[in-house]
Every structure is written in C-alpha cells, then in structure tokens.
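Here come two complexes built around chain A, the first alongside chain B, the second alongside chain C.
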Partner chain A sequence: MEPLTRLYRKEIGRQKLIYIFFACFFTASFFYAFLISTPQMEEMLNINMGMVGRKNFPEFMMRFYVGTVGILFHVFLLTLFICEEDRNKMFYQPLLHGASRSGMIRSKVSAAVLMSMIFVFLTAVINYLTAFMRWGCEIFEWSAVIRTVIKYLLSGLYMAVITLGIIALCIYTRSTWKTIFFVVVYLLVDQFVYGVDIAFLQKIWVGYYLNRWTFTYEYQKVPPGELLTGIFVMALYGIAFFWLSLIRTQKIDF
Partner chain B sequence: MINRLIQIQFARLKRQKILYLFFVVMTGIIISNGIQCAGGLDDHGMGYYAGGKFPTMCMQSYIDIVGTLFLGFISAVLICGEKASGMFAQPLLNGVSKKQLLTAKTVSIFTVALVCFLFVAAASIGTGFFLWGTHIFDQAQDYLLQMLLLLFPQTTMVLFFVLLALYMSNISGMMCASLIILLVNNLFSQFFGRYLSFVDFMYYLYAFSGYNGMEVTEKVIVSGITVNIVTGIILVYGIRRRAKNMII
Partner chain C sequence: MGTIISVENLRKTYKNEIAVENVCFALSSGSIMGLLGTNGAGKTTTLKMITNLCAKDKGEIVIDKVSLDRNPGLALSKVGAALDTPSFYQELTARENIECFARLYENMPDGQVMELLDYVGLTGQAEKKVKKFSLGMKQRLALARAMLGQPKLIILDEPANGLDPQGQINLYRLICDMAKERNTTFIVSSHQLHDMEKFCTDILILNKGKSILQGKTEEILSETTNIVDCVLEEAGAAGDILSRWQEIRVESQRGSQFTIKLENICLDEFIKKLVANRLHIRYLSMRKHSLQDLFLKLTEGA
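On to the complex of A and B.
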C-alpha cells in the first residue's frame, strides 16, 4: 500500500464523527429490534412485524443507511476530506513532496471508496448483531441470509459509486455548500425518478436500480437480468466519475 | 451599532445563492407532494393528506430533515465558515462586542428561519388551492394553530444551532453533527416520546406538526411551550458563556 493511501486512511479513521454515527446507528438498530414489535409501535409506524422481524430484519434496517442518511453522511465526510482540505491549502501538500496529481487522487479515491464499503459492512454487522440479540438463531435461514448478503454487496457497490460521484463533485465545485446542494438535489431527483413512470430515464439513472432492489424486491430475490443491468450501469457511472475526477485534477489550478 | 451589524449579516445572506436555490427546491418538493397527493387518493398514505391536510404534510416534510438541515447550514455558513476564514473576528476589531455580534447573527438566522417557514406555509396553501380549490381552507384552523406553535421549537432550534456552530470548527463538521443529532432525536421521539416530552424541545417539532398522527392537545401545547422557553433560556446562557470563553 502506498504511504499516501495509508495517510488518507488514517485521516479518515481519525474522524470522531464516524464512531459517533455508528454508535447512534447501533442504538437505532437495537431499539428497532427490541421495541418495534410492541403493538403500539406496529400501529404507529405502520409496520407489519411478521414481515420485517427475524430473518428479514437486517434487510429492513438496510434502508435506513443506504439512501438519504448514508449519502448525506458521506457528503459531509467527503467535503471535510476534500473541500475543507482544499480551503486550508492542505489538498496539494503531497504534490510538494513529490507525489503526482493522479497518484494523489487515486490514493484519495481508494481511501474514500474503501471507507464507503467498510461502512456498509459495518451496517450489516450491526444489524445482524442486534437481530441476533433479539431473535437468536432464528435469523439464520440460509436463503434469507444469502439474499440479504447479496443486497448488502450491491449496496456497497452503489455507495462506492456515489462516493466517486461526490469526489468528482468536490473536485469540480471546490466548495462545500455547492457539493452538499448538488447531492441534496440528486436525492430529490432520485425519489422523483423512482416515483414516476418514465422508462428511459429510469434505465439510465444510477439510483433507480438500488431503489428497485431495496423497495420493489424487498424480502425477495432480485431477478438476475435486472441485477446484471444494474451492476453494469453502476460500473459505467463509477468509471465516468473516476475518469472525470482524474481529468479535473490534472487541470486544477491550486 | 446592532442595527448596522444586522444589516451587514442580511447583506451577506442576500448574497448566498443557496438561499434562493432552497426556495426553488422547496417549491419542487411541495409541487411534487401535491401531485402525488392528488393522484393517490386511493392510497391511504398520500390520499390522507389531499385537501385540507396538505399544508400539514408540507410542514412535516420541511421540518423532518430538509428545513432543519438547511437552518443548520445557514448557521454553519454564518458562524463556522466565518470562523474558519478569519472573518468572524473582523467586526470585533471595529469596537463591536462579541455579544452584539452574536445577537446580530442569531437575529439574522432567525429571520431566515421565519422567511423559509412562511414560504413553505404560503407555497403549500397556494399549491393546495390550485389543486383542491377552497377545500384547502377546510382545516385551516388546525394547520394555522400548528404553524403558530411550530414557531416555538423553530426559535429554540435556531439558538441550538448557534450554540453548536460556536463549538464546531468547520461547515462539514457542523453539518455532520446536525445530521446525527436530528437522526438520534427522530429515533428517540418515535420510541420514547412520552418521556422526551418533558425535556426535549426538538420532540415538539414532530408533536406540533402532527407527525405520525400525534394529536396536538392542550397538555402538549402547554408542556411544549414551557419546555421550549426553559431550553431557550439555557441555550442563551450557553451561547453567552461560550462567547465569553471563546478564543478568536
């Protein structure tokens, strides 16, 4: 591993907010697992506990991270990691120590993408842990476990693509508020695209596939054809975002 | 002096493009909500809010995350952003006290909060009138009371964001902290609302807007106003204390 990549990983790991966020997520998952099955809660939150509990609980809880909350959390962390560094004139420091522009951005991207995947993994571990504490071995029905693990892997891929997109935005806008604003607009458009019936737009929209996998096929297997199309579209977006970040970094005037 | 400071803050706010973009985004959300409500009459989730309850729905979607995070963002820009760029200390060099500076900033953030809130109220009633005609006024008494009551937790929220911004060093950190606080509060309001209602002012953002079918009873109104006033006083004390000890 390159020293620069190691440095960036340490830099991300030093963010106390990450630990606070996941401690809160654990608390949320714990309360959902233990308190949601009370009749009052079932009625108030309009949830069928027979459906969301036990083996389906980790999949049910996935929606609380992969989506608005996870993406907002990523954008705040990445703007701290890129835009704030740029503003403090720390962004180009590695260049003064002999690192190349592409090497620097590759290290940043690899550290950020790894971070996004670890976060999804952590979410899965937390949700399985709380589900195990509540229902014991009842949660381990293999077909459900395999289905849920596949969905978490797909979510990891989606979050990695979104991370690449946010990095590209940070590098293009070089401004915290503009990046946050564009991400909020993305989230709103994402909901709109999922809600309306415009087939062409839905086919090319990166978030549409995750919404299908999370909501339309909730507690069901995703059809292989749709799975492959989704992975292909996401990979294309990821490559495009990475390529755009590289190009912009070559031209950027520090 | 304080009037001049407030004018400077407003001039800075007027230059923030995000403020105008926020109005565009909120208009988009309200129109989209209206179309979904009008088209989903058979669907209990959306159809329930068609007609007289539409402004209540828009208030809930404003308060839930978008509006509150936006207020956090404005506080971050005016306080954390200026602290980071070294502009926060500038007025102090011209003989302004920290107290005056923070009062001006708090007043300007509160004005933004009020304008945004009134905008949501007016846009939701306007959109509702366009979609359902005079039916939008069927439950005007309910939603106007809710709007009036929501001014209390909104004011306390502004004070809370000012205090938080004084402790945070940059915009991203402030936004991250605001997101975590909002999510934790939302979670606890769902599960422990009965206990939180004695101490947590943010609980009343949900209670007063009728979130998850919560009823606005006389008891809720009295305890909500009391909790918000007491928390407001504590927050003002906290702001003054922080301003006094802060090294700029």
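On to the complex of A and C.
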C-alpha cells in the first residue's frame, strides 16, 4: 500500500463524525427493531411486521442507509476530507513532499472508496446484530441471507460510485456548501426520476438502478439481466467521475 | 558555488489579469533571497509556480540543473516549502504531524523527525497537540516539515507573520544558520524589510507582478544615493547656493535644517564644497537609504 493512501486512511479513521454516526445508526437500528415490532407501532406506522421484520429487517434498514442517510453522511465526511482540507491549505501538502497530483488523487479516491465499502459492511453487521438480538436465529433463512448479501454488495457498489461523484464535485466546486447543495439536488432528482415514467432518463440515471433493486424488487431476488445493466451503468459513472477528478486535479492552481 | 535555482521569464495571468510577468533570477547554494513586494505583487504566485502548485503560462524554472517542466518529480524532490498560513493535523502532536509526511519519503533515516524538531527548537513540545501551538511554534514546525528530505532549496512564504520581534529574529537566525551550516538555499517572502536587509544575501522586489529591483543586498544598498541631514547658518543664502549645485538635490528645507541627497558627489567633496562657498556647518550627518526607503521609493513610483 502506498504511504499516501495509508496517510489518508488514517486521516479518515480519525474523523469523530464516523464514530458518532455509527453510534447513532446502531441506536436507530436497535430501536427500530424493538419498536416497530409492537402491535401499536405496526398500526401507527401502517407497516407489516411480517414484511419488514425478521429475515427482511437487514434489507429494510439497508434502504434506510443507502437511500438518503448514508449519502448525506458521505457528503459531510468527504467535504471535510477534501474541501475543508483545501480551505485549510492541507490538501496540497503531499505535493510538497514528493507526491504527484495524479498519485494524490488516486490515494484519496482509493481511501474514500474503501471507506464507503467498509461503511456498507458495518451497516450490514449492525443490522444483522440488532435483528439477531430481536428475533434470534429466525433471521437466518438461507435464501433471504443470500439475497440480502447480494443487495448489500450492490449497495456497496452504488455507494462507491456516489463517493466518486462527491469527490469529483468537491474537486470541481472546492466548496463545502456548493457540494452539499448539489448532492441534495441529486437526491431530489433521484426521487423524481424513479417516480416519473421517462424510460430514457431512467436508463441513464445511476440512482434509478438502486431504486429498482431496493424498491421494485423489495425483499425479492433481482433478475440477473437488470443486475448486469445496472452494474454496467454504475461502472461507467464511476470511471467518468474518477476521470473528471483526475483531469481537474491536474489543472488546479492551489 | 553552483546555481541551485534559475528562473527565466516567468509569467502567470488570471482571467486576463497579469499576476507575474518576466520574473527572472538565479541563486547559488547557501544564499538567502528576500522576495519583497506589496500585497498582490505576485510573491506567493511566484513561489507557487516554483513549487508547481500553480501552473505557469510561460517561462523556465530549473532546480539544481533539473527542469521543472521536463522532470517535475526530480526537480521538486530538491525543494522544501512552507507556503500560506502553516497548517497541520490539529488533533495530532508535532511529532506525529512530521512523521505523517516523513513516511512519504523513501529511506528516511530513523530519528530524523526528532532531529528536525530539535533543530527548530521544538523537542520539548514534540508530544504536544498542534492545536495547542502558538503561531510562532507552528511557523517553526512548518520549517521542520519543509526540511524533510534534506532539500537543497527551501521556500518560505511570510514565515515571520504573527511572530513577536524576538520570534522573528530567532527564525531568521535559524534560516541563516541553516544556509551556512547545511548550504541550503532559501527564498523567503516577507514584509519585514528591516530583517530582510540584515539576513538576506539577495533581494528581489516585485511590483504589480514585475521585477523592479534585484541583486545582491550589499550591492543594492551601496549603489543607492546617500542622504545628508545638515544645519547651516544663513539659511536663505545657503538655500540659494545649494539649489544651484548639479551634484545634489535639496529634498527638504525647514528653517536652517536641510535634507540633501548626494547624487554625483561623495561626502568629502560635498563638505569641501560647502567650506569653499563659506557656508558654515553647525551640524551634519549622513544616512544611507535603508531597504525600506528603497522599497517605498520603488513601489510608490512604479
């Protein structure tokens, strides 16, 4: 592993925001698992415990993470990692110590993408843990576990692409608030694209595929054909975001 | 002594506005160049172009015989820099901060980090978190970080900013010691003209992006005209006589007090001429232009 990547991984690991977020997420998952299973809450929230609880609970909570909360968490973390560093004049420091611009951005990207994958893994661990605490071994139904693990892997891919997109935004705008603004706009447009029936737009929209996998095929297996198209589009977005970050970084006047 | 850095015809524009134009200089090893100029004169842009943090539009930068354009990696491996306000990982200690960047160098000898902290006088504060550091301590820590990898050229952008007078002197002494002991070349941008005059071997003054004066500090100051303050009897007649002399210029007259600039005459000859013209001298003293006088004259006039 390159020393600069190691430096960035440690830098991310030092962010207190991560520990606060996952403590909150664990608490939310725990309370959700125990609260929604009461008959009063089932009635009040108009949810079917048979659907969202037990073996389906990890998938139900995954949507909660990748839908909005996780993306907002990523944007705060990545703006601290890039825009705030840029503002504090720490961003370019490795360039004064032998690192190249492309090497620097590759290290940033690899540290951030790994972080996003680990966070998806952590949410899976937290959700399975709280589900186990509430329902015990009932949650381990083999087909449901396989299906949920695949969906977590797809979410990991989606979050990696979102991470690359946020990095590209950070590098282009060099502003925390502009980046947050554009990500909020993305989340709104994402809901719109999923809701309207414009086939062409949906086919090229990166978030549409995750919405299909998590909402259209809620607690069901995703057909392999749809999986491949979605993975292909996401990969294209990921490559484009990385390439844009790389090109822009070469031209920045610090 | 070999040339460590040579800069030729450096140019940078921001949205059709010229930030730096035709800046040229060369420095030999062990020299300290003071880069002076008013705010917005192009000092930081020049330093950032040398460190490749900012792309130049035109010009050639060669560091220790390596062209920055052709081999930026090798050229920059010979440069250490502390630019802008010193910034660090606030939650880490001074030692941890330096170690973070030391790991980016291959074959960094063990103990080098503590040696550098010792050199800048921060051994006692090595385990203290940087967020508790004063600005002066951060400036010294930034110097230690710039020294990583034993660069032949160190670039410091306003390193004395925010330091008290004693801190400024200590910092400049440290720079002088390094230049002498390690033969390191320095480019230091600053507004502390008095200190620059004392510590720098070379001076480059920028104004509106253009180089308006450069050379060896001693030569620059010796070439400047001398100023004489004198008190003469019979002020009216004396004023008439002095105004007719071509070699001098009367800068000001307040009663019998004259401030005279000697342009084409040395002090001895001037005194002899006063005596020959029967002008009685009550008081006379000579002062040289300081770097500050020169700077003000050049930047106001330009």
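Of note:
One rule holds in what follows: the second predicted complex is superposed on the first by the 254 of 254 C-alpha atoms of A that agree within 3 Å, B and C clash if a C-alpha of one lies under 4 Å from a C-alpha of the other, contacts with A are read in each partner's own complex, and residues count from 1 in each chain.
Heads up, the rule we're going with is that a contact is a pair of C-beta atoms (placed from the backbone, for glycine too) under 8 Å apart; a residue touches a chain by one contact, two chains touch by 3 or more.
The shown structure was predicted, so the numbers you read here are calculated from the model rather than taken from an experiment.
When the shared chain is aligned, chain C comes close enough to touch A:Y92, but chain B does not. Once chain A of one complex is fitted onto chain A of the other, the partner contacts of A:K251 are limited to chain C, with no touch recorded for chain B.
Of the two partner chains, chain B is the only one touched by A:T176; chain C is not.
In the superposition on chain A, A:S143 makes contact with neither chain B nor chain C.
Applying the stated contact rule after C-alpha superposition, one finds that A:L80 touches chain B and leaves chain C untouched.
In the superposed pair of complexes, A:S100 makes contact with chain C only, with no contact to chain B. In the superposed pair of complexes, A:E11 makes contact with chain C only, with no contact to chain B.
The partner that reaches more residues of chain A, of the two candidates chain B and chain C, is B. In the superposed pair of complexes, A:L35 makes contact with chain B only, with no contact to chain C. When the two complexes are superposed on chain A, none of the residues of chain A touches both chain B and chain C. Remark: chain B residues 18, 21, 25, 28-29, 32, 36, 65-66, 69, 73, 77, 84, 170-173, 175-177, 179-180, 183-184, 187, 190-191, 212-213 touch chain A in the complex.
Those residues of chain A that touch chain C in the shared complex are 3-4, 6-7, 10-11, 14, 88-90, 92-100, 251, 253-254. Across the interface of their complex, chain A is touched by residues 48, 51-55, 72-73, 76-77, 79-81, 83-85, 87-89, 91, 100-101, 103-105, 146, 148-149 of chain C.
Per the touch definition, chain A reaches chain B in the complex via residues 17, 20-21, 24, 27-28, 31, 35, 41, 44-45, 68-69, 72-73, 76-77, 79-80, 83-84, 87, 176-177, 180-181, 184-185, 188, 192, 195.
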